[in-house]
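Listed below are the structures to be examined.
Here come two complexes built around subunit A, the first alongside subunit B, the second alongside subunit C.
Our next item is the complex of A and B:
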């Protein structure tokens, strides 16, 4: 493959070797399917509301995932839950990435800011995240937006740290010094040289932060801090736990848990595969 | 958090209905699942630690269960909510209603050997009166002075005739040993967390926080020696784990009320017996009458017609709930109920008509509830969905418990969804709940006619006299929708089929864990 690889750009090389990894491709397909489910939820199942006559029914042809204790279809709940879980996950992750990117790049480029920002990141990383999230979510009141903001507020430090270390390697590069010499403004240098350099690590971060955010959302919703007006995977688990039917109605917990597992597993595998593919030294 | 709960002591005690904060999981017990029950030990599962060993202060359910076994009350109640003797053998009012007397039994002893006397009763009630704390303080406002006529007779001098006084004191006031509690500078602040001197059927001997509370039999307990030697309360994280422990034979009784779905499930299990316990409270929606447009009775009636009561009882509560016919006089207290009461029909068209009459369009309201209360969390979305059919938008605000209590205390809501746990005496309770400025008057009702009727009922010395005004008050509350009563829950508590002899009493507080019941519990077949 070496003879061919020489002619390819790094991006093409990454893509080629990514395509050869079945786990990575499979994960990507699963994620795309989940995203499609989230987007097309109204086409797949009606919004679960009201009540039904068939309560606590095991999975059947009429109710693929069974029904819960007030007769709502668990399949519909999981489908609509995909929407909220992924929306919270993606928006929290985007927010966290933006904050993390800003802080990470500033710390690496503006030397004087490095120490205070480093302290801030270390401090944020050492906070007891879950209790604080619970506190903030409880005080701010349950809504999808609150959840996204709360999760983002506690997820950016990891991104900032990764971005900073990557950017630190770029700042001393000759082309950055050259850009300074020709009189480029800091903003321009950051935009043209630093950001493109850190984007690949951010790419992995987006995926991992999303999966962490989905987990955090499920955790908070399970604790009853989710939005009662919408469905998420955590909310389904919360309601199942509250109904006291955990031991008997296994389907109310299995399917949302599977959905969480599927998402977290595929994001992890995807980011691993992407990392491997990008690491060209392993490719030859 | 504990402080916040204590702060809302009265509200919490009357309104408490959510599961308590789970404690840590207990270590596995020693009893094996196959052995037949012996009279040596009865193990009860609970989901919380005892927070307060001072019975005059404690207000969580586990607090009450444990301290009720240690400190006697003047009376207990039978299955219909009527008072029956416990420490007091008989009680009565003078003709003008301004003195009340209670005669005590003479065979009760504190665990240090001293007898339980009228002095202890006087001390307990006076301490509460002086320091004004706990549930009882709000119920004995008529008390002028209590005095011991003889060691077995107490006289309460009242400032006004109050027919609810003896019922309230008898049911709510735990009697504490004067010679122990008087040494504390403040009875309210007395922790009472060691060297207990008690006088119930069982005495607390060992506390392992987060694990278990071991109580030993008192052989010379006045009303009769308990059959079981030792009662152990074990702390579990939640009801699900309690059910598993009961099925495995690790525990004999689940103290907590079972969620309806679990109860349906356990019905088919022959190793488990379910006891149905009527609730003394009710679940309800309250509309903030001080907020527009709910100050208009037509809007409140429209809201009442937009609730599918049958569905809530049958689906969310799995049928373990009774209709109260939209009346605050519930079927749990049959001596008070009004046979003429009629439930609001679920009729979205009628709602729309009433709203049009009131000139209200696009009504959108928020509804607060305690997210941790499993029943309410289940029916709150049903209330929202049925209101939607009447064109009313209800935004759910399922809140964390303390936020919910705070909003309730500040009356910061459009609709309040919740439940009152123990409303054992209508004239007294309706006074707290619906009289202008009442402590738990969440709907901010202010109706002089209602105030008069409740006052009249409180001054009547017998149920017969109080019945007419209180029923009229209840009709007014229903017609004006000052309270929208959804249902009266039928609690299910489970115990192992290896045990028998429990004496169920109404409400979660008494259930089958009341002192007289545990004193008479015995292994089945012995």
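Our next item is the complex of A and C:
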């Protein structure tokens, strides 16, 4: 680890130490499998719709996860739910990251904007977000796109705060002043010097924002604000709640719940493992 | 005094922000609020009359000033569906939500402190590993999943606790109090389980830091018993960041309460929100958010002031 390590770039070193962490690698594999399930949903199970003959059946060989009160296959619902849950999670997260990155970097680079943007972020973070998302989602009408936009709209302040504090450490660096002296435009400095510096923090942020967005989507859909024409993990729980199956048919709620847990837990462990791998200097 | 004044001003600013954001969101979003109360096929004449009835035909600025004025008098508008003031709908529900969230917070702190101390004093041992891993897992839980799981196991399967409602309506006096506590156990426990992880992990980190401080070494070298060092000297300082966490997690707690109340048919604000979503009762949704935001602001103010009393350094900075 002495002679070889010297020649490695920081990125390679992070990768090497990440690969040695079984929890991190396991989480990455789980996430890849979930993503494959989302993409290949039509190949795995038919879209759950209409009425089936076997109503409220517990799990069996024919229906792995059982059936709900109108005879639909819960396994198919969970598989198709993976698609919407992950799509909303990822797109909301990407949108939130873009807004958060813009606001965070502007606050750090343009000094005059720092106070107003800081106050805006602080205020947004101190409000109870779920009731606000409920209000907006109810007004805008239920659809997959609404959910993604609404969740992004209330998730960016977290990202902005992280990005700002990282960018703040870069702005006073000599190379930024040097770039200003040679006449570099603000846009060029931000793109060439600030963005590369904040990208590593954003990496962790993407993962955590996605898992929070998946939880938010599940919460809104559970309350009945999901897209009525598609399945998500939260929608399955909502239907179970409405049909009164919560207290009787455990299989209608256990499997979507496990799917949510699996996704959120593996994203959390992945970001912990990535952070550990990046901080190998002060670690073991 | 100046410190309290500053915090108060900050709280008022947050509240104004919340109110303003909702006002403009409701007016500027594509959905027509009149469509929600009436038939979409109504005549243009009827539509204009309804708009005038709700005061929605006036300029936005006038509506905004009027809305703020009404709010100051405690008026949140009329419920679309129930034709009674939103304030009446929500004030009936507020005590239940306060009972639920406050009890969840107290139990979380009572469990979180000893668990955090245990993890910190056994740092790097297997007890610590188990506590840490459980803490991370608990933070990844989806509130309704926890609620449904507890309801199924302890309510349906074991039959220990009721699975819905907040109190037996025919119970009186002491029996009513007992019944209330009995109904509170499962919703409260659901909230505790999702909150606990954050508290324990913060407690652990700050206590490990505190145990490395000079005053701890000094106390140890003076021959103070290890238990006393941890509980009397280090813990007192480690509690301060935990107070901050309590403030920061308020938003999560409120969100969790909305979902938990929905599952247990617990008659708080959260259940009112769930019912209002089904009926597209926008004034109730808007009022519920304003009320919950106000509750969070007040709770934050209390934590801030408590922090200031506990730690004199905060007051001067």
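The rule we apply is simple: the second predicted complex is superposed on the first by the 281 of 284 C-alpha atoms of A that agree within 3 Å, B and C clash if a C-alpha of one lies under 4 Å from a C-alpha of the other, contacts with A are read in each partner's own complex, and residues count from 1 in each chain.
Here is the rule we use: a residue touches a chain if its C-beta (ideal position, glycine included) is under 8 Å from a C-beta of that chain, and two chains touch if they have at least 3 such contacts.
Model, not experiment: these values are computed from the prediction.
K.L.:
Look at where subunit B and subunit C land on subunit A after superposing the complexes, then choose clash or fit.
P.N.:
Aligned on subunit A, subunit B and subunit C clash with each other.
K.L.:
Could you look at A:50 and tell me whether it touches subunit B, subunit C, both or neither (first, second, both, neither)?
P.N.:
It touches subunit B, and subunit C stays clear.
K.L.:
Taking the superposition as given, does A:246 touch the first partner, subunit B, the second, subunit C, both, or neither?
P.N.:
Both partners, subunit B and subunit C.
K.L.:
Tell me which partner A:127 touches in the superposition: subunit B (first), subunit C (second), both or neither.
P.N.:
second
K.L.:
Subunit A residues in contact: does subunit B have more, or subunit C?
P.N.:
Result: the larger residue contact count on subunit A belongs to C.
K.L.:
Does the superposition put A:70 against subunit B (first), subunit C (second), both, or neither?
P.N.:
first
K.L.:
Report for A:141: first if it touches subunit B alone, second if subunit C alone, otherwise both or neither.
P.N.:
both
K.L.:
So in the superposed three-chain picture, is A:228 touching just subunit B, just subunit C, both, or none of them (first/second/both/neither)?
P.N.:
first
K.L.:
Looking at A:101, would you say it contacts subunit B, subunit C, both, or neither? Reply first, second, both or neither.
P.N.:
neither
K.L.:
Could you tell me which of 332-340, 404-412 or 458-466 in subunit B overlaps subunit C after superposing the two complexes on chain A?
P.N.:
The superposed arrangement places subunit B into subunit C at 404-412.
K.L.:
Hey, what residues of subunit A end up touching subunit B and subunit C alike?
P.N.:
138-139, 141, 224-225, 241, 246-248
K.L.:
Can you tell me which positions in subunit A touch subunit B when the two form their complex?
P.N.:
For subunit A paired with subunit B, touching residues are 49-51, 55-56, 69-71, 138-139, 141-142, 224-225, 228-229, 239, 241-249.
K.L.:
State the interface residues of subunit C toward subunit A in the complex, per the touch definition above.
P.N.:
Interface residues on the subunit C side: 13-14, 17-18, 21-22, 25-26, 29-31, 136-137, 139-145, 148-149, 151-152, 155-156, 163, 250-251, 254-255, 258-259, 262-263, 273-274, 276-278, 280, 282, 285-286, 288-289, 292-293, 296-297, 300.
K.L.:
Spell out the part of subunit B that touches subunit A in their complex, as residue ranges.
P.N.:
Checking each residue of subunit B against subunit A gives 238-240, 243-244, 258-262, 264-265, 311, 315-316, 318, 371-372, 374, 377-378, 380-382, 384-385, 395-400, 402-403.
K.L.:
Taking the touch rule as given, give the residues of subunit A at its contact with subunit C in the complex, in rising order.
P.N.:
Of all residues in subunit A, those touching subunit C are 119, 123, 125-132, 134-136, 138-141, 211, 215, 218-219, 222-225, 237, 241, 246-248, 250, 253-254, 257, 260-261, 264-265, 268-269, 272.
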